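Below: one structure, written as structure tokens.
Lettered A, B, C and D in written order, each chain numbered from 1.
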Amino acid sequence: MGKYVFKRIIGLAALLLGITIITFSVIHIAPGRPTDLEAQFNPKVSMEARERIAHLYGLDKPLHIQYIEWLKRFARLDFGISFMDSRPVMQKILERMPITLTIELFSIILILLIGIPIGVGSAVKEGSFYDRFMTVFVFIGFAMPTFWLSLILMDFIGVRWGILPISGIKSLEFEKFGNFEKIIDMSKHLILPVFVSAFGGLAGISRYMRSSMLNVLKQDYIRTARAKGLREKDVLYKHALKNALLPVVTILGLSVPGLIGGSVIFESIFSIPGMGRLFYESVMARDYPVIMGVLVIGAVLTLLGNLLADISYAAVDPRIKLE
Amino acid sequence: MLLQIKNLKVGYRNIEVVRGVELNIDKGECVGLIGESGCGKTTVGLSVTKLIPERIGMTSGEILFEDKNILKLNPEELRNIRGKKISYVFQEPFSSLNPVFTVYEQIREMLEKKNNIYIQIAEILKSVGLEKIIGRKNVYPHELSGGMQQRAMIGMAIASKPSLVILDEPTTALDVTIQRQILDLITGLKNKMNLSILFISHDLRIVFSIADKIGIMYAGKIVEYGTKEKIISSPSHPYTIGLIDSIPSFEHRKQLFNVIGGKAPLFSELPKGCKFYPRCRFRIKECLKKEPELKDISADHFSRCILTSEIAARRLPKQNRSI
Amino acid sequence: MKLLKIDSLHKTFKKHKVSAVDGASFSIFKGEVLGLVGESGCGKTTLAKLILRLIDADKGSIFYKDKDLLKISHSDMRKTRKSLQIIFQDPYASLDPRMRIGEVIEEVYDIHKNVTGREKKNKAIELLETVGLGEVYLQRLSSELSGGERQRVGIARALATDPEFIICDEPVSSLDISIQAQILNLLIDLQKRKNLTYLFISHDLGVIGSICDRVMVMQSGKFVESGSCETIFRNPKHEYTKTLLKSALLS
Amino acid sequence: MNKLTIFGICIVGFFIIIAIFAPIFAPYNPGQIDIENILTAPTSSHIFGTDSLGRDLFSRMVYGTRISLMVGFIAVGIASLIGIALGAIAGYYGNWVDGIIMRFIDIMLCFPTFFLILAVIALLEPSIINIMMIIGATSWMGMARLMRAEILSLKERDFIYAERAIGASDFRIITRHLIPNAMAPVLVSITLGIAGAILVESSLSFLGIGVQPPTPSWGNILSEGKAVMGAGWWMMLFPGMAIFITVLGYNLLGEGIRERLLKS
């Protein structure tokens, strides 16, 4: 097990290097220099000043030197300073990350808790009214644009009916609340974002679970289980379910980038100060250090998600030998 | 009589693939069911404990086991027969064993008495020649060779001391040398436990080596039935004759006589009259009138052919008939 | 006359580490049916693919008419392939599922550009008739055919280049017994009529015994015994050959 | 054929016809400003109402269809060219070629695609061509993986060995036998990819970094709708429905193709 994890981590280091190369290339091969923008914020900046800034960021050096220097700083988790407010990029990201991760974590839990039973139920009752109803629901889930769903929920639940707050993660008078009220307040703010974030994934996982379960139910060993005279309950929820759940672990790992990517949309709609919104703001302001930082961190989070998925897969599937 | 199958018919989506099968199995007797792919022999085997889901296959007729009609039992009563009184061994041991449960666990599920489980399992493993894994509770099916997997399947099948074991092509997926070992194991267990066996196979040589009585199936019906000796010494249906004469062997080199021409009909396009008519070398116009009934030729020997008495005489000679 | 002379052929697959074919040396004589028998995984199919250079050998030589097939250029090899053909085991995997039977056979002429136009179709029909199928099969898709019919198409394709040597790699082992007999009869018949040379691979000693002149017994990548069919079946020397014979239920 | 699939085909066909014949279907010039009639609810003369500049929403929606479908088709066209080519090469040649391509795909898959698209758009100007290219360049990885997996299993099939035995060249084997036989799952992925690309384009336009006004797209109309939330429900309802129904159509079609091609 230890050796397997070690090997995986070496592989990850290589991927990480690739990630930094792509991030760096994307930013530097495109036309326009970062300094153009900083200068735009402050038109008074003279040519001389511009060059000084360029020098400060090492922009006057050849690209590969720039990359290596950036990489060195990256190794120390130093992503530089934001153009917008001159704060360290890492600090800004760390401030925002917990909010996004909390929302993602809750939505993954929601996806699993609801999606898996829906999928299993559909497969077990294939062709029934329930199955067909769920199929329609799943297709609606796939097709629903997150931002439209957010707007509708905001309009009805937030504006018209005033059931839930629609902006930010805490109320204005948050500081006056007691601890318990604080939790309630934040939960209320998080309900809609978590729901919206989970909605598409819910459809995906339940559909995947359904086809995985259907596939398992066709296998010879299910026939064996029935021929052994096991209770139908044991055939379905012991013999079939364990096999059907295995591939879902991998899918979960693969869905991390989608979830993180999706955060841009609902965080900017619900004004949630998370990583997605930070990224959106820095893109609009062309705040290069922050853009690069979030890109790399986003990719690293995906890497970690995949690693976790692979390790858990190897741990639960006896056919994978950990060497 | 332990098992009596009477006028068994099974249809998949309005297409009948078992069209009225009669078969009896006595205590301690091994009945072989021979037929080519798609003749309905596997369906017969599965029907014995109603393993074909009702929404897929329509079953009618009677299957009397210990004087109870299995087709009329409720699911709970069926469970008490499956695996306990009638058990199965299927063709592909690898896909018939659940990959995510240990061999121990899969055998344990079959045991009724839950005391001294490990002793019980050890005895079962010993009786099927799996002494190697006694005490190794963490062995999964994929860690065993094909032959050992099939031994484990057989172990599961005999775990609760059934009176009837249905073996559906149990050696087809195995190499010849392993095939022989498994057949020897089956014969040994049969004698030791006084098992009744329904042995389904496409391979005449294997069935001839193990069965007491043999039924030959063609297009969903048994076309000839008799003791092994009768079938070998005086096959009476043109199909049986063709099959026996098609067995290639060193003894009659480079000259296969009485080869059956054409191919088996589709169940959706069965010919009128005798279903073997289009491929039969002995056919006469009479054969087209109606499908022949099984008729007695001698004691314990039946054939579904109107020409039975004349056929044996017209069979082409073969120099060294080995079987 | 020696048609093919194979000398110490080796092949190891990276994945498995053990040798799939470990020093195979033998000759095939013009007009004979040479049997190759062994259990699954013994390397017999690998050997077949090595001989036709469908996969690359690690070392060794394959002499066909004074040419070492492992040393000649790709274009030379493509020309040589016309004389050396193969029939596969699984008739469901050996035909492109998207092609019509006519196309399967006509493609051979397209590749070698030796027959054109109307002639191509006539040749295809002729071949189909040779293997017991008729003109009606030209337009059929392989998915509409039964296993035996597909195997006949496979034989027709192999015959299309007018080869003198055909490797039959388990050509009947996935067929029903009545169909198996038909195909064996067809192969025997073709061999006699066209004076073909076969390397006939099978795990079934019955099939081998019924069709071959000489037999080689293979176990884990090595030949353990070879000789005339008569010797191997009546008087086997090697322990493994004896076990095989005993297991084969021939007695 | 499945009822849902037929429904999907109808949806897809309907919107393609609208896009092709946009000038015929649109009653007004989509850019025509009418200060007298701003934010009017649907009436018989403006069946979808008007926007905050008094432009006819229905006409803008009809022209928006063109943009959305074009972005979807071309982006996926680019993605499938890259994906099929790289996947086929990786699968057929194996070894180090495969190693390099697969590592590249692994790296690309680590990035949250939407982040990557946003970052590149920030650098280039958000023009329609750039959007199509960027979506295409960031969404080919799935197709490449599918193609590779198919080719890997196909190339060990006997009919490919048979092709070699009759002397067929690598090029002939790849283009005539491998790729056509590997296309079924890729085709499903292409259909679903169109739906995905339409969603991404509308998300971008909604966030204001996609198709720029005054060019109408479903996403930017919806964005304007957000600005007048509560005062113009039709500005939110119709574009949202259009995106939803189109995406649904392609998903249903994709599922239909999957059932038809992969189960046989």
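As a convention for this text, contacts are C-beta pairs under 8 Å (C-beta built on N, C-alpha and C of every residue); 3 or more make two chains touch, one makes a residue touch a chain.
If you're wondering where the values come from, they're calculated on a predicted model, not measured in any experiment.
Engineer: Which chains does subunit B share as contact partners with subunit C?
Structural biologist: Per touch definition, common to subunit B and subunit C: zero chains.
Engineer: Between subunit C and subunit D, what is the gap in Å from one C-alpha centre to the other?
Structural biologist: 48
Engineer: Could you please state the distance in Å, as a whole number, between where the Cα atoms of subunit A are centred and where those of subunit C are centred?
Structural biologist: Taking the mean C-alpha position of each chain, the two centres sit 54 Å apart.
Engineer: How many angstrom lie between the centres of subunit B and subunit D, each centre taken as the mean Cα position?
Structural biologist: Roughly 54 Å, centre to centre.
Engineer: Work through the pairs of chains, note which ones touch, and then classify the graph as line, ring, star, complete or other.
Structural biologist: Looks like a ring, each chain touching just two neighbours.
Engineer: Per the touch rule above, enumerate the chain pairs that touch, sorted by label.
Structural biologist: Between chains, contact exists in these pairs: A-B, A-D, B-C, C-D.
Engineer: Which bits of subunit B are touching subunit C when the two form their complex?
Structural biologist: Residue list for subunit B touching subunit C: 36-37, 175-177, 179-180, 202-206, 208-209, 242-243, 245-254, 256, 259-261, 263-264, 279, 322.
Engineer: In their shared complex, at which residues does subunit C touch subunit B?
Structural biologist: 39-40, 146, 148-149, 176-182, 184-185, 188, 203-207, 209-211, 229, 233, 243-244, 246-250
Engineer: Considering the complex alone, what residue numbers of subunit B touch subunit A?
Structural biologist: Within the complex, subunit B contacts subunit A at residues 46, 49, 51, 55, 75, 78-84, 87-88, 90, 92, 95-102, 109-110, 140, 142, 153, 156.
Engineer: Hey, which residues of subunit D end up touching subunit C in the complex?
Structural biologist: 157-159, 161-169, 172, 177, 180-181, 264
Engineer: Touching subunit A in the complex: which residues of subunit D?
Structural biologist: 4, 103-104, 106-116, 118-124, 195, 199, 202-203, 206-207, 209, 222, 225-226, 229-230, 233, 236, 240, 243-245, 247-248, 251-252, 255
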